[in-house]
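Following are the structures in question.
After this come two complexes, each holding chain A, first together with chain B and then together with chain C.
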Partner chain A sequence: MTSILDEPLPPLVSALERPRWSCALGGALAAVGALPRTIPVMHAGPGCASNFTWMQNGSGGLATGGYCSGLAMPGSNLQDSEVVFGGHERLGEELANAIKIMDGDLYFVLTGCVPEVIGDDVDAVVAEYANDGKPVVFASTAGFKGNSYFGYEQVLKTLFKSVVEKGAPKQNDLVNVWGVPPTQDVFWRGNLQGVARLLQLLGFRANYFFGSGADLDLIKKSAGARLNIVLSDLYGIEAAELFKELHGVDFISTPLPFGAAATEKFLRTVGAALKVSGEAVEKIIDAEGRRHYEYLEGLLEVFNDMEAQRYAIVIGDANYAFATADFLAEDLGFLPDLIAVTDDLTAEKREILLTKRSARVAGRYGEKSQVVFIADGAHLTEAVDDTWRAESWKKYHPAKRPAIVVGSSLDRGLAAALGAAHLTVAFPVSNRAVLNRGYTGYDGGLTLAEDVISSFIAAR
Partner chain B sequence: MSKEIKQIAIYGKGGIGKSTTSSNISAALAKLGYKVMQVGCDPKSDSTNTLRGGTYIPTVLDTLRAKGKVTADEIIFTGAGGVYCVEAGGPAPGVGCAGRGIITAVEQLKQLRVFENLDIDIVLYDVLGDVVCGGFAVPIREGIAKHVFTVTSSDFMAIYAANNLFAGIKKYSSTGGALLGGIIANSINAPYSRAIVDDFAARTQTQIVEYVPRSVTVTQAELQGKTVIEAAPDSAQAQVYLELAEKIAKHTDSKTPNPMSVEELHQWAGSWAEKLLKIETGEVAPKDGI
Partner chain C sequence: MSNLDLTVPPRREDRHHETCLAYGGTVCGSRRPGKRCALMADAERGFTQGSICSLLPGLGIMCSLPDTAVLLHGGVGCGSSIHGINGNVRAGHNARRGKPFDALWFSTALNEVDVISGGDAKLERAIKEIDALYQPQVIVVVASCLPGIIGDDIDSVAAQVQPAVNARLLPVHCEGFKTRFMATAYDVIYHAIGRNLLPAPDEKIIREEKTINVMNVGSMGRIDEIEIERLFEELGLTANFYPVFARPESFSRATRAALSISTCPTHDDYFLTHLEEKFGVPYLIRNMPIGIANTSAWLRDLAEKLKLPQVEKLISAEEAELRAALQEFLPLFKDKRVFLSAGEYRSLATASLLKELGFKIAGIRSFHYDNFAEVELEKLRAGGEDFTWNVANVQPFEEANLLKKVKPDLFLGHWHGNQTAGRLGIPTHVIYNTGYGYIGYRGVYDLARRLHRKLSNTAFTDRLGKYGRLPYRDSWYQEEPFAYIRSKNAANAE
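And then the complex of A and B:
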């Protein structure tokens, strides 16, 4: 008898090692689990939930707990019988029980690969409950359709289509904020709240959808917001376009503001978009900056003593790679010589990033940082070799090696090989417990400075 | 050492007469003294109806769904002439995955070792229309059935389905899959019908096992919920099925067919359209046209 193992393997043209994301369902589940008073209902085969709990959430700063998240969420757990006869009845049953037992104000169905392959009509099941007045919505998140970022975007789109109420009364002091995918951005809670504090300084309330302090009623009324702010060049942009189409609210896209320099830019850009007077914005920047540098001063002598203008390698997704490199260059005066963006991006999206984010002068000899797109973690060391070892034959090759690798837990080996310090900020972060830590804003910058400097002295 | 069970699969376009042909072959084989099992692999679950007086039997998948596991006596039913009847079953139209259903049902039969336990000589799998996905290819791969017979008329769409099936067989032929025993040419009455299927067999390097004429005897028998073998054992049609059954029972060497590409198939069909038009317009005599 032959088996599939006897068949010749197809050429490994699209193989990818050490990806720094999960599948669409994983990204979506992280987002739904972070929505206030929301119960995720997983319509998928067995194994997905536990995989996300340990592999994905565990790599997201050990964030494995939470009400109805992780291993305690309702799921249809599709078996052979549902595959053959359709899983819609099983989903209906699970949904009915979830509504009965789980204490929530929104029930969010997410589909895995199995029901999407067999063509379960999930819309029909969900519509049955929705027509009955039950707060049930659905996002199609089969893993084969895309990765975590796609799943996050699908959840946003479902929220904007099915949860955000049309024609909500205008609230001139309200702005919506997204673009920070929960768990995929390991510091998402702190980052969102850091931005909310900045908006508060400008005189606005932020509806940031996910995490502590987010409010489902506010989400429902978010069509009344004055502006949508997407804290990303890529993630949540399509959803922002949909929001604009459905609810007529405009959006701006701005990078994650890590530290003082980026925060100043953020305040000026957002202030202008929200028509806050330039004078008022400068006043905020002045006051906040003063406070910020008072703290940072504390490390000044250590900085001098360490000769801390160091070369750095920065590895992260489209949000983190540039936000972190900017912080290192502009706030700490490091030289982020190599910036590796680890998303699996189309040429068009790469172009967006290169156009918007690579103008910085921060590499060796006053050159720009080198930006590489490497979705395959196995090829990262080659890029490092190209950047550093290619010059080692020269008589006056750079005497300094990169002093720090700021990336993910997957980059530990690279840092060790270079003899460099290692700080994990980008997913997966499995060597740190992360709760409310965040790097946005002035205070976030202090936290990131603490983390960077601490990584140099971790062995003391 | 246990005897080798002859496992054959019958494929062909939906509505072409697969179940009628399969049931008559099964009944004829039983009449010839073989121990036969017919396994319907179609969610419609009506393959064995004429072996069971026009009635439906509980399917493997329905039983599995209701009870969580199945035993042989819950899914195997004895039909006319002692033919063992099994229906794989499947989902309602438009839901679930019928292909996965076939896989599950066939796995169950294997696990229960029903062929060995019942000392079956010949198993006939009557498989739904086209090989639309991997599930419907299960009887012809993984060494389950060894021989495939396809039922086709001279209609282009039926031949198209047969050609698709040949492509499926060819795909699995190098990995121990079933090979093609030949074509059962069904509803062959007009001379050109025979010529068309003969030409198709020649082009795809296979053979015609039997020409089965369209006959009112079949309709009469089916309306009584019976096979021709049971309802009209002495009819000419019954004789045709008996001869076909005899050939299948003795058949040993199946081959890899040589399917036409879609383009070749269309060109081939086009050339036949021209010939048929010339016969119709009297430009050529029927016997010269073919």
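And then the complex of A and C:
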């Protein structure tokens, strides 16, 4: 078998190697499972639920979480008879009984491949209940229609169309936040809450939809928010446009603010959009920066003596690859010379992503990074040239050493082959337990610095 | 005509006459006729929760095979469980080969265009690319639901491409909607192996008189295999564990063995009959070596077939040593009420084991029922007691209802299946996970040691129970736990 560092492989054309995401249903289910007091109702084949449960438990930081998650979620478990005769009756029965048995404030129907190929009219079944005053909504999430990120976006769109109430009273201190897909971002809980704390510093309440602290009543009233913040260059942007169209709330898009440098930019951008005075924002940045560096100062001697500065290969999705690389470059002074984006992106989306990021790192070290798109893992070998290799036959070799690979659990082999340290931050995360840990904000930056440095001192 | 002459193997529900997926009653009551009291072949539920299809256990086996690429033909999400299963794949390789290896898998990621115009051409290209780029010995081509509906034909594609590639191609059908029994997965994989990886039956077979095929589709980890090897060594036998983690080139050894023995009867009959019919390898499929009496019975079956009278000496020595070693754990177990949930055979056999340790059985849940279970059910019935028994492809709402009523002291559930009990504050232990020992005499001791540890400090679940939430209405707990089980035919007739 060919190992990752044998002869470079041309990319596969007709299949994906170990795709680092799931299908639309997988992404949607992770999102719905993270909504407060919400019961997902899966209209799909009989194995989709266990498939996603095994995925979340084994590679989502070991946590399924959620109010009605894992195999507890109701599902129609379609069989061959429904494939022949249609599954809408089974769905109707399932929904009626789910409402009787499951204690939820919202029942969220999601469709898999089977009912969508056989043409079940799910809208009609759901409308029957919705017209009857039952809190039932529906998102179309067949696996063949898209990936996890698409599924996440479909859930947001359904929320904005069917759950968020039109004409809610204005709440000037309320801001909506999304762009962090649960499970696909394994640190989603901590990342959302880290951003909520930053908004609090600016004097605002955050409605962040998913996870602990989210509130269904607040979601319903979220049309009254002053601004929508999408913590992503790509995920949730279409949903933000829909929100604007339906409810008239503007949005801004920012990267995930990992660490102090990104957080300063975040506070300035968001502060300006929310019309917080520049002076007030700078005061916050100054105070928080001092607090932050009280910690980092303490690390300085060891950081220096152990030669902690590293070359880095960063592998992650459109949110993580750049947020992590830019933290390493701008906060720790690392040299993230190779950035691999693992999403399956259209040329147009790649362009958007690169343009937005170039503007952010103009004039900084990050500008020098080589960016590759590796929707299938085999691509990466093309980019890892001799300078990354631990051993070389040359007497004088400008080796990129010491190095660290910051990516997913699947990148352990690459790190080992390069003699580099390895830290898992991107999905799949199977070798770490993740509960409320997050990397956003000042405190998140300290956590990420701890994790990075811990990855190469484990043997001390 | 043998089943293996068919391109697609028959489903469990068509192959076995007595099968059941929904039952609520008791172990003894399952034999008595009457509404919801007896096992009904057409039993179903009017409300169902997340379940498991044949793809999940299927992938567990396929992803373990060394030098094998697994190519999923279906939606891009169908392989997602492998991100979780991969931990077991790595640990399994590490235990057997001294190094962890990640599962190598691919997806054709069928999209909207493919659904309309068919995915056969894409599949053909994908097979050729993987063969050229990764050079695996075997490419397993797995169909999930979509190909089964849009009419893609993985068998024809594989047959057509086979001459053009070096890897052996194994078409495997795991279209989830096609069978209600996830155990069909074992049949379809054995079917694919039998059709594609075994030598031609007319080749001369040089019998290995001391080699015994020990069937393992993943219900035993390496630690359990070591226990079987230890016992076999005492009897002068060698175990050929098969098929998980088995190298493709070693598959032919299975045809030369003196005997095949199942470690979990619900898994293996399909292949064992094939090995006997085509290669003259007799087989045993009766007991599961979980528990003291069960292990001894399993060994006796083997020894009787192979004429090894020394087995009695081994059994009495092993049992005496084990019983002495268990003494220190037993006081803590005495009369504690335990609830079990797992695959058919494991749940029932483990109940017998826990009775041997002095536990009282508060209830048993089995993922399905087929006629193989009768041997194990009879052992439980013979004790003169009766137990609550629920047949359910997971269905945690029934479990939550039962546990609230039964209030056991301990719960043993399948992996990823202990959440309901844990949130109710019941101490939990995993009834099956390939990292831990369960099988043979050492397995009994290992499990007892772990349960003793668990019950020595239950703070984690005690506190979880205080704050944990389950997503059911209070009114559900007032209802009968099996209220949603019904006869399909009766429901249609109404």
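Observations, loosely collected:
Just so it is clear, the second predicted complex is superposed on the first by the 419 of 460 C-alpha atoms of A that agree within 3 Å, B and C clash if a C-alpha of one lies under 4 Å from a C-alpha of the other, contacts with A are read in each partner's own complex, and residues count from 1 in each chain.
Going forward, contacts are C-beta pairs under 8 Å (C-beta built on N, C-alpha and C of every residue); 3 or more make two chains touch, one makes a residue touch a chain.
As the structure is a prediction and not an experimental result, all values here were calculated from the model.
Of the two partner chains, chain B is the only one that A:D121 touches; chain C does not reach it. In the superposition on chain A, A:S50 contacts chain C only, with no contact to chain B. Residue contacts after overlaying the shared chain place A:S76 against chain C, while chain B stays out of touching range. In the superposition on chain A, A:L410 makes contact with chain C only, not with chain B. By the touch criterion stated above, A:S22 is placed in contact with chain C alone, chain B being left untouched. Once chain A of one complex is fitted onto chain A of the other, the partner contacts of A:G86 are limited to chain B, with no touch recorded for chain C. Of the two partner chains, chain C is the only one that A:C68 touches; chain B does not reach it.
Legend: residue contacts after superposition of the two complexes on their common chain; A:G104 is shown touching chain C, with no touch to chain B. Of the two partner chains placed around the shared chain by superposition, neither chain B nor chain C is touched by A:G179.
Touched residues of chain A were counted for both chain B and chain C, and C has more of them. In the superposition on chain A, chain A positions 1-2, 80, 82-83, 117-118 are in contact with chain B in one complex as well as with chain C in the other. Listing the residues of chain A that touch chain C in their complex gives 1-2, 9-10, 12-19, 21-26, 39, 42, 45-59, 64, 67-68, 70-80, 82-83, 93-94, 97-98, 100-104, 112-114, 117-118, 142-145, 147-148, 344, 378, 409-410, 413, 427-428, 430.
On chain B, the positions that touch chain A within their shared complex are 61, 64-65, 90-92, 95-98, 100-101, 104, 141-143, 175-176. The residues of chain C lying in touch with chain A in their complex are 46-56, 67, 71, 74-87, 102, 104-112, 114-115, 122-123, 125-126, 129-130, 133-136, 145-146, 149-150, 176-178, 180, 182, 393-394, 396-397, 416-417, 419-420, 469-476, 484.
The residues of chain A lying in touch with chain B in their complex are 1-3, 6-7, 80-88, 117-121.
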